[in-house]
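Okay, here's the structure, questions in a sec.
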Amino acid sequence: MGSHRLGGATLFALSARQVTKRFPGVLANDRVDFDLLPGEVHTLLGENGAGKSTLASVLCGLYKPDEGAVLRNGTQVRLTSPRHGLQNGIAMVHQHFRLVDRFTVAENVVLGHRNLPFRLRANDLEDQVAQVAERFGLPLDPRATVGELSAGQRQRVEIVKALYQGAEILLLDEPTALLAPPEVEKLFETVRAMTQAGKSVVFVSHKLGEVVDISDRVTVMRDGRVTGSVARGEADTRKLAELMVGRDIDLSPRRSRAAAQETLLQLDKVGLTKDGIERIANVSLSVRAGEIVGIAGVSGNGQRELAEIVAGLQAPTSGEILINSVRVNGMGTRHVRKAGLAYVPEDRLGTGLAPSLSIVDNLVLTRDRGFLVDRKSALAEAEAFIKQLEIKTPHAHTATRKLSGGNSQKVLLAREIFAAGDHSRVLVVCSPTRGLDVGAVEAVHKLLDEARSAGKAVLLISEDLDEVLTLADKVLVLYRGSVVHEVAGTEVDVEAVGLAMAGLS
Amino acid sequence: MIIGNFRIELEPRLTSPKWLYAAVPAGSLVFAFIVGGVFLALTGHSPIGTYSSLISHGYTSTKGITNTLGLATPLICTGLAAAFAFRMNLFNIGEEGQMYLGMIGSAWAGIALAGHLPHVLAVPTVLIVGAAAGALWVLLPAVLRAKLGTSEIVSTLLLNYVALNLVNYFIFGSRGFFRDPTTSFPQGRGVEETARFHSFGTSNTYPTVIIAVLLAVALYWFMKRSNFGYETSVFADSPNTARYAGMNSTKLTLSVLLFSGALAGLAGAMYVVGPAGKVDPGLLQIGLGYAGIVVAALARYNFFAVVLTAILFAGLRVGGASLQISSNPVPIAIAVVLQGSVLLFALGGEIFRRNRLRIRRVQQVSVAS
Amino acid sequence: MKMKHLKGIALAAAAVVGLAACGGSSSSTDTTAAAGGDYSNLKVAVVYIGVPGDAGYTYQHDQGIAELEAELGITVTRLENIPEGAESAATFDQLAAEGYNLIFGTSFGYMDPMLEVSAKYPNVCFEHATGYKTSTNMGTYFGAAEEARYLSGIAAGAASKTGKLGYVAAFPIPEVVRGLNAFTLGARSVNPKATVQVAWTSTWFDPAKEKEAAQSLLQAGADVLGMHQDSTATGEAAMEAGGKWVGYNSDTKAGDFPDTWLTAPIWDWGPYYIKAAKSFAAGTCDVSQFYGNMADGTVKLGTFGSSVTAETQDLIAEKAAAIIDGSFAPFTGPIKDNTGKEVIAAGVVAPLGDLLGMQYLVEGVIGEIPKS
């Protein structure tokens, strides 16, 4: 760990001193201290809601601290906006990208840049962008339209944008959330290239495993406070986990040993071609009762399309889909549901649930409703779920958007797995733990395990490889719309799966 | 904003306490009257005298409240129309034109059909035909929106001008069905007497006001309890969720817009069975359709609040115009300023319902290194 | 909202049976006001569609009301910007309920609301401008603008070099048609080959639209414009294009158009307002259909612009005198319509009833009106 000492005092590239930030009803940061050395990779670790994103937002100028100070190279700076932060060389790459879908990569990168020439030459800009990308090992086509890029590629655009605008310090908020192992490795290479160029990186993450590899130092937060700071070499996964959640965590795989039962979901040579592009190619798979089939893959390789085809939201252009041996392709989501399918989409709050509607009304969503809506039985059901699944909410009439990610996911899963009068035996689940904290991940995995035990056929589509490996009885890898790897859960070779995800098998 | 050592900030509220929903509009109203009062005093009018006159002429005197209710009747309908569409995030700006069509349609029914029907059937028929005509006028924008996603804001607005010219054409530009054949003056042809309501006593309030209020109650119940209301609330909140649940967005969009148009058409029909009794270009000057949008926005798209707001709004107009009846008349321009400030503050007050005002001392942080 | 500013239609009295002759006979009704000379019991209100600041229709009425106030030493309550339709019934009702016993309404669209309210207040006298419905306590007032229109047409015809005139008109209704025809007859009396192209705007007040219509006429070759609208947009278009124009309602804006202004048919309502108020004060609500004219001073020709020659002014003065003494009427046969059909036989003076329902365009007008 390199440190720059001047007159006996360490000169930090960026520091937080006793930063306190309140939101109505929440103390998001409570007298937080944080120091970042030049050329250092420093991870901020913590569960969701621990306050790490808030701290990062304070450091980049998005939030103003209620109390305390931000220091840049030892001098206090009062950052008034992210733009002001950028003028001080500080940039943040958010978990939710802030890009214009219709613009090209190059256009997005230069967007908002102050010192642009009056007349823009597309070629020059594209060359410049390509150069920056090249230098830090970020393969990108500057002419590609952002709307067509995968999450990983968009992230690269964000990083290149920050670098192009002269960032010396990059704050990356959950940067690996959307990436496959090879992409994560590539990101790490980029990070190393950046630190070698003298830049500093703050990694905001809740993933224990990976942070140990990359970080020079890990600062752990819980409930708005710093619970510890550990340098490379001292970092040990178990210790970090304890600092993070304050209790032991079971990270061992759950896999059923149930005997094979009848096939409930079958896809036979399913394909989808849209706008002349083949999104799904010749996918065949089957899921049996009491089994979880996991589909791994890097974001943007056809997962969403595959899920939507099975759920009846899109019609396949070729092949057959059978639910309980009934052919359902192209029948529409209501019929598919009637045929016995439940579906937990990746976007739980904007698709699976209506965010402003209450828990009760969200349980009504998939019911047969008639002319008048029966909310009485839905209320009873909601109250039962709240109790059984320990859903933290003031009451059953609370809007789902006011719940934490884990609690809203519990509502969604409860509806799709246990809802009264639901005779579905097939469950399609997409990225069910994305963005959830460790405790909620555990709860969700337990629910999926229960669904399997209850004899449901579960198709788990997730970009989180660990999740697939933890839960699935059979693992398939989706790459560019095709299944390129298939292996039983007990015989998984992680390296082979990783290569398949990267298209190298 | 920083003043001296203090920083003034607006901070979003995560939840708004229930009492704020009532306190904010009430507070806005008081504030608007204070500002208007200063304005009145500066222009040489007694604020207290003016307000008591406004309130008496607009609300508390028998004459005032009945005049107000008469004007509020179609306004409730256009307000409901705007609120109904907005519940599904659809912006029907065409209430004005749909109301004209409602007037034309109901006048047609009142002339052509009502003569063959007894009074108990004639009035409902005329109202229904008017509502249907209003719905028909929004059909094209509704189809364009539902099928092609074309903005209904522009298309409904443009059709207002077409409707306006249509009324002008029927009355001033041609000598067809809707023109009174007994005179060369540009007058509408009167509907059959059976197609009209009598006003209550000698007032300017018609039984249609009861229909309008009942309609608001029925709509409230319907949207709260019915599957249709449920589906529109899901769709308004999250179109993706509606799609996920297999709801037919085309059908929903069409139904909501057509129903909204029917409500606006009903406003025009109520004008015919009530005070007008014919296609009356006077309706073009009152702007009840546009006012309905304002009413709906002030009422925050709550149907009950639409009724109250429409009455408040109509009273401001009736009372405001009456302020000119005085030995020291308040010019109509000042009455309009008063109305405007009430609206402005009522809308502006929303900020304080959604946000909390915080004033804090700016802290100086000493840095030790 | 611009609809609020739409002015009421200024219309002639009706072609209805039982129409009282010009000047107005009166039938009596309840007496509530005091005898002549004492006006303390008179409580007068006037309801305007627009504002006196319009320098046009409402302005001229307000001038008349001011004359009434000066003559009788009373104060009249003015209500401005009262739209037609339902709201106006409430306004008239309110006025009557507050003890106003003589109420003037200046816009055509007030007709049915006034009639309805008049039935509720038999002791209140209602006077309605431009309408045709009367009752035991409601009369009407308007006038023969066509007389001055004819004279203004002479000025226009004489000023035109091309012989092509234009006319910006609101709606093809009898009042407007009558004015257009009188204007055309006047123009052709000095310039027999002159034509008048008409452009309908379908609005009483919309300066942008009026200007656009005027510009299209100028582009089509017209060098002098007449108009029947509420704004002076026609004059602005004419001034920009170097053409001449004839105004309407009022001549207070003549000075704004130094070289292009010719003249304008204008109203003087003062004499009527004074007459009606005095009649009511003496115990009689004038429920006649008053139709003023140049002879009684209700209709006048406005001030001349510098480009009207002395010779033309003399000719106009001569014709005006003939109109006032009754020896000449603009609509005297033979008159053909613009399809060549004779509509008024030679030597015949069209009766007022025919004029009020006029539904044809005279020879020389280029344009169409809807058939009945």
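We just call them A, B and C in the order they show up, numbering each chain from 1.
Simple rule for what comes next: contacts are C-beta pairs under 8 Å (C-beta built on N, C-alpha and C of every residue); 3 or more make two chains touch, one makes a residue touch a chain.
Model, not experiment: these values are computed from the prediction.
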item: Chain pair that, of all pairs, has the most C-beta pairs in contact; value: B-C
item: Closest chain to global C-alpha mean, per-chain Cα centroids; value: B
item: Where subunit A and subunit B are represented by their mean Cα positions, the distance between them in whole Å; value: 45
item: Between subunit B and subunit C, centroid-to-centroid distance (C-alpha), Å; value: 36
item: Whole-Å separation of chain centres (CA-atom averages), subunit A against subunit C; value: 76
item: Residue numbers on subunit B that touch subunit C, as the complex places them; value: 57, 63-64, 67, 70-71, 74, 164-165, 168-169, 172-175, 183-187, 202, 204, 271, 274-277, 280-287, 290, 317-318, 321-322, 324-327, 329, 331-332
item: Subunit B-facing residues of subunit A, complex; value: 9, 17-18, 23-25, 66-69, 71, 74, 76, 311-313, 332-334, 337, 343, 345, 347, 350-357, 361, 364-366, 369-373, 402
item: Interface residues, subunit C side, partner subunit B - complex; value: 1, 3-4, 6, 9, 11, 14-16, 45, 51, 75, 77-91, 93-95, 97-98, 100, 108-109, 111-113, 116, 120, 131-132, 170-174, 200, 202-203, 356-359, 370-372
item: Complex contacts: residues of subunit B adjacent to subunit A; value: 11-15, 225-227, 229-230, 233-234, 237-238, 240-246, 356, 360, 363, 365, 367, 369
